[in-house]
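Common to both upcoming complexes is subunit A, partnered first by subunit B, then by subunit C.
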Partner chain A sequence: MSRVVVTGMGIACPLGVDVETVAAAQQAGLSGAGPMADAFDNSAFEIRTACRVPEWDRSLLGSAAEHFAGCGDRKGEFGFYAAQRALRQAFGSDERTRAVISAPTTRAGLHTASGLVSSLVAEGETDVLACLRPDGSFDYEASLAALAGANPRRSRHFTDRVNHLLAWTYGFDGPSLVNHGACAAGAVAIGTAARWIRQGRCDLAVVGGFESMIHPFGVLSFQLLGALSERTDCVHHEVSRPFDRQRDGFVIGEGAGMLVLESESFAAARGAEVLGLVHGLGTSLDSYRTTAPPPDGRGAVVAMQAALAEAGLRPGDIDWINAHGTGTPLNDSAETAGIRTVFGGRGQAPPVTSSKSAIGHAVAAAGAVEAVLSLLALRDGSLPPTLNLHDPDPECDLDYVPLVARPADARFALSNSFGFGGVNGSLVLGRADT
Partner chain B sequence: MNSTDQLRPSALRAVGINSPAGVNLDAFIAWWRAGRPSRLGPTQSLADETYMAASLVGEVPGWRARDHIPERKSIKIMFPRVQFGIGAALEAWDRDGWTEKTSAVPSERRAMYVGCGLTVDEDWTFSDPIDAAISDGHFDTARFAREGQPLLNPLWLVKGLSNNVLAFVARYRAITGPNDNFMGGATGALQALGAAAGAIADGRADRALAGSSDSLVTVEDCLAFAAQGLLPGLVPSQGAGFALLEPGASGDFGLLGIETGFCPTSGDPQGSAMPSAATAAALERVATLAWAQTGLSRAPALRLAGPRLDDAGDIDLWSALGDPGAAASGWLLAAAWVARHVDDEQGPIELAIADPNGELAVAVLGTLP
Partner chain C sequence: MFVAGVGVASPLGLGWHASVDGWLRGASGLRPFSKDGLELAQAGVVPDFRPRKQLPDRKAVKLMSREAQLLVYAAVEACGGTDPAQRLGVDPERIGGFAAAGYEVTPLGEVLDMFAGSRDPLDPSRLSLDALFSTGRAAYNPLSPLKTLPNMALFHAALTLGLRGPHLALGSSPAAGLAALAGAVDALDDDTCDYAVVGGADAQVELFRLHYMEEAGVVGSRPAEGAAALLLGDAGDVEILAVQLGQEPPAGPMPGEAYSVVSDGGARREALYRRVVEQAGCAVDLVIADLWGLPQRDGFERRAVTTVMPEGPILATRPRLGHMGAAHGLFDVALAVALIQRGEAKCVLVTAGGSAGDLGAVVLRGVDR
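Then we have the complex of A and B:
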């Protein structure tokens, strides 16, 4: 069974829109948090902080930008951009990418991950929504005109449109899916496509996730659930506090992380540089509550153990964990309990980082963005810090690499992603020499 | 992974289905035996049928969620497509007489794979909050926060989760093992079938559900279809179909081969194009790969094809039941089951489906060697 190597990485996240800028920011302990008011008028909202992709400009997509014009599809723009960057790193240019992927002997797949909610309400199609009549009914003709006038084809299959655009642009003809596994989606998409390659179903795949819920509907929805931090007594970059006693919720983020995966033999045959490996995926279901994990983290335990089994590794082989680490009171203690069950307590369990302390929670894209960050940390030989961890919660008693990065000869990382609905995904990633 | 368990074949032990033919498999079989008459008609579920811009729809007749979902208090946070999915999945899971007390399968070896439709606000939850936010015909964000928020169901996001079928069925049947929830358009259930069979083949699961659910009978979908000029040709429908898989033995009805793919030239850069000659050619290529796994020459005793393909296959489900989006491939699973167990079709059955956006899947079911 073939091993799966990473040959391209692309990212758009609150720390930047190119891999090396993000790698440096991660090691420097920078935060991508800022005022939510930069996204929309949040004066009447209780949430003040968001982690936005900085100075996003659709023109970064080059000629592909025309496909997104007028669509209001910020998350799709992130996704296509990150995939494009990953492909260029893997193959050198768009032309060479097309030549490899559309070759008759190549079978190339797509497995991305994206959003939770209706395209109609999430993408700011408020001209359509404004067609409500005063009595609460709906003006069909007016809404149809508004929808058609904006972009007649944008509504139904929005989340898989990035796959379609990538296929249309580069000639992908292998398996194609969009994972809708809530906040575990990005990690599961990566691990599932790695299985496709191991099973010989495709030679290579573009995998990852993209998301943006920093809009009135997304923010209000999480706010009503009490999931977001409402902290206003500090500067924006101090709001996200995973594993800290003072944590009160997550900071909403956005972005995309994309990887090019190849079978080791396919990559070797074309002399590709190996950037890392995807060794295993474990998935599980909590079978508990929709928005809360079981306090003992038993669902997470099953996912982490399954990922280790697929990777053929023991707990002691894992050098570092990139935690789900949202900063919500329930997640961080339950995840800690799960890690203790699988790896042992402090002194036995490997160091743990929450990337969300720096980039917020990118929801469906989180696992994919954090996979890119994890591969960069392994490459750079330095574990990124958990920011703002000044007062650790007694229930969170592991080594969380507080405040500053730590040099480490780490070979294997476990990246956790858990989602609403009780879905869990754990991904075992390896340094290029593993 | 246990190497001795690798490459275990998957048997289809049961199916569950709801569709315009009825609320369960028995109703589907009765409709099948009656010669598969049309069950399309004007909408009964949406108050204002001008939303539909289509004279015909397919709706699950007589659907009462409390008859199919064991936990009544949660029904209010389930959109219809979620209810259909849960109903069909539980019907498949329970159909062999399963009970928790007698089950020997640990929860972490129970698996579930779901092809979902795109989540929409099916019951227009945002209607009142948005109405409160409209100022001079435009949406006002601050008004939305101040005056719309108190009118918004605080569980709206939970209600809108596209993995709700997976989450609720997992809770009801203590499924904690391998799983996935994805959108593969109309191909969803066959994609799920392949993933579930993979989990059984490599020893990660001993009992797995695979299927899909969807409803196109919604305001948002019909708006989108109308804007794309697809109405009235397309007949929006709704429902779900799930299969129950277990490790199989020689002689069982099971999965012989499955492959998926994509047709990069079937659509245009904006997606949602109708299938084309290129789609048919790409589907043929995927079929060749699927049949190669079976060890058989390609000679299906029965071929069931998805909606909107030029080649309708041997039995046309769609002119009688409409197009249920992601649920189409779930219905194909159930139809194959009925062909085998009601019509006693013993030869291999080919299921072929293409989504207008380019996803392709072909499965071959039959007697395990």
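Then we have the complex of A and C:
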């Protein structure tokens, strides 16, 4: 069974929109948090902080930008951009990418993770408000008229749009899936596609996730679920506090992370540089509650153990864990309990980092963005810090690499992603020499 | 890999046997539809579906979207009850859940009151963020976001059945049900689980979804709702011989264009069907095909199918059920299982395609006794 190597990485996240900038920022312990007001007028809303992709410019997509014009599909733009960057790193240019992917002997797949599409304000005005009678009831006749005209914004509701555009642009012909596994979706998309390659369903795949819910309806939904930090007594970059006693919820993030995966033999045959490996995926269902994990982290335990089994590794082989680490009271204690069950307590378990302390929670893209960050940390020989961890929760008693990065000869990382609905995914990633 | 149980909720009937019986007697599930001012000449709605009476946990019904309710019904039927781990004598952590469900467009009913409460008092054609975060928020049912999270159908099915094994939650493409099936087959092959519940569910009979379907060019089929689920394991009288997934080359940059136009005349479809039949290693004597009532697309499909089955019946279910979105591919598989069990066919190819040009194909065969 072939091993699966990473030959391209692309990212758009609150720390930047190119891999090296992001790698440097994560090691420097920078935060991508800023005012929510940069996204919309939130003067009547309690949530003050968000982690946005800085100075995003659609023109970064090059000629593909025209396909997103007028759509308001920010997350799709992130996704296509990150995939484009990953493909260029793997193959050198768009022309060479097309030549490899569309070759008759190549089977190339797509597995991307995308979240729920929430309405834009402008879309709500044209498609809903225009159809409301003064008393608030809905007028179907009016709605048929309002919806009759073409509107490029509606295309954003197809979550397979990025897959479609990648297939149109580069000629993919293998499996093509959109993963809707909530906050575990990015990790599961990567690990599932790695299995395709091991099992011969395809030779290579573009995998990852993209998400943007930093708009009024998106953040309102998360607030109603009680998931967001409402902290206002500190500066923005101190709001996200995973594993801290004073944590009170996550900071909403956004972005995309994309990888090019290839079978080791396919990559070797074309002389590709190996950036890392995907060794295993474990998934599980909590079957517990919609928005809360079981306190003992049992579902996380099953996912982590399954990932180790697929990778053929023992707990002691894992050098570092990139935690789900949202900063919600329930997640962080349950995840810690799960890590203790699999790896042992402090002194036995490997160091643990929450990237969300710096970049917030990118929801469906989180696992993919954090997979890129994990591969960069392994490459750079330095474990990124968990920011803002000044007052550790007694229930969170592991080594969380607080505040500053730590040099480490780490070979294998475990990256956790858990989602609402009790979906869990754990990825085992390896340094290029593993 | 064997089919150990099947569950269906379709416009032809509530339950697998009711749906199959309806199919075999030539019934149509399409009827005029009228609700809340939405008038449709024909739509496929699951008849006699009363979730509060027919689902195991009536209190949980209000937490579920229509898709989730349909999927739970089908999944419970496929598993023969709500506790498959006990019935099968396996650890619940060894039973996986793999599902495709349609969610791209939030059902209007979930957000209407919030929008009404968010109008600008001075200009009701505009949204006011001040109003959204006050009266709009007050009118927004906190349960609504949970209903519309994209993996909630799988969550409710898993919670009802006590599934704790591996999972895959996929989008609303009609081919996604077969992709979920492929994920389950791979998980069983890898020994990641001992049993897998595979499902697809969709509810297309809703104003906004209808509109997006139309915008995507799905004009050849009537809108429908439904769910289908399979329990896969190591024993059963129908075997899944092969599942293959692929991608057609879109003719343009927008997803809907794949419904009617691909740039290769169906060549990749043909190659995929050859590959899945070759892997299966049996002579196909029936195809339940990815036919939509779209002339060019259907032409490609028929030509591709005849390369693997030059003669023999080709069934199309959409003319009598409508388009069940993410449920459709697995409904066709459920029908194939029934036809094999009743001796109507020995080796069946089921095909499905989606809006992004994604393709799936599965071959099933009856087990000789």
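General observations
Basically, the second predicted complex is superposed on the first by the 401 of 434 C-alpha atoms of A that agree within 3 Å, B and C clash if a C-alpha of one lies under 4 Å from a C-alpha of the other, contacts with A are read in each partner's own complex, and residues count from 1 in each chain.
As a convention for this text, a contact is a pair of C-beta atoms (placed from the backbone, for glycine too) under 8 Å apart; a residue touches a chain by one contact, two chains touch by 3 or more.
Treat the numbers as computed from the prediction; the structure is a model and nothing was measured.
Of the two partner chains, neither subunit B nor subunit C is touched by A:Gly347. Once the two complexes are overlaid on the shared chain, A:Thr192 sits against subunit B and subunit C alike. In the superposition on chain A, contact of A:Thr291 is made with both subunit B and subunit C. Look at A:Pro394: by the touch rule set out above, it reaches neither subunit B nor subunit C. Of the two partner chains, neither subunit B nor subunit C is touched by A:Gly271.
Once the two complexes are laid over each other on the shared chain, residue contacts for A:Phe40 go to subunit B and to subunit C alike. The interface of subunit A with subunit B overlaps its interface with subunit C at residues 40-45, 67, 109-110, 116-119, 121, 127-130, 132, 134, 136, 138, 140, 143, 147, 154-155, 157-161, 163-165, 167-168, 171-182, 188, 192, 195, 199, 201, 216-217, 220-222, 224-225, 283-288, 290-291, 298-299, 302, 306, 310, 419-423. Looking at the complex, you find that subunit B touches subunit A at residues 1, 48, 50-51, 53, 107-108, 112, 116, 118-121, 124, 126-128, 130-131, 134, 137-139, 141-146, 148-149, 152, 154-158, 160-164, 166-167, 170-171, 174-185, 191, 195, 198, 204, 219-221, 223-229, 259-265, 267-272, 282, 285, 357-359.
Of all residues in subunit A, those touching subunit C in their complex are 40-45, 67, 109-110, 114-119, 121, 124-125, 127-130, 132, 134, 136, 138-141, 143, 147, 150, 154-155, 157-161, 163-165, 167-168, 171-182, 185, 188, 192, 195-196, 199, 201, 216-217, 220-222, 224-225, 282-288, 290-291, 298-299, 302, 306, 310, 419-423. Of all the residues in subunit C, the ones that touch subunit A in their complex are 36-39, 63, 92-93, 96-97, 101, 103-106, 108, 111-113, 115-119, 124-127, 129-130, 132-134, 137, 140, 142, 144-146, 148-152, 154-155, 158-159, 161-173, 176, 179, 182-183, 186, 189-190, 192, 207-208, 211-212, 215-216, 244-250, 252-256, 258, 268, 354-358.
Partner subunit B is touched in their complex by these residues of subunit A: 40-45, 67, 102, 109-110, 116-121, 126-130, 132, 134, 136-138, 140, 143-144, 147-148, 151-161, 163-165, 167-168, 170-182, 188, 192, 195, 199, 201, 216-217, 220-222, 224-225, 283-288, 290-291, 298-299, 302, 306, 309-310, 419-423.
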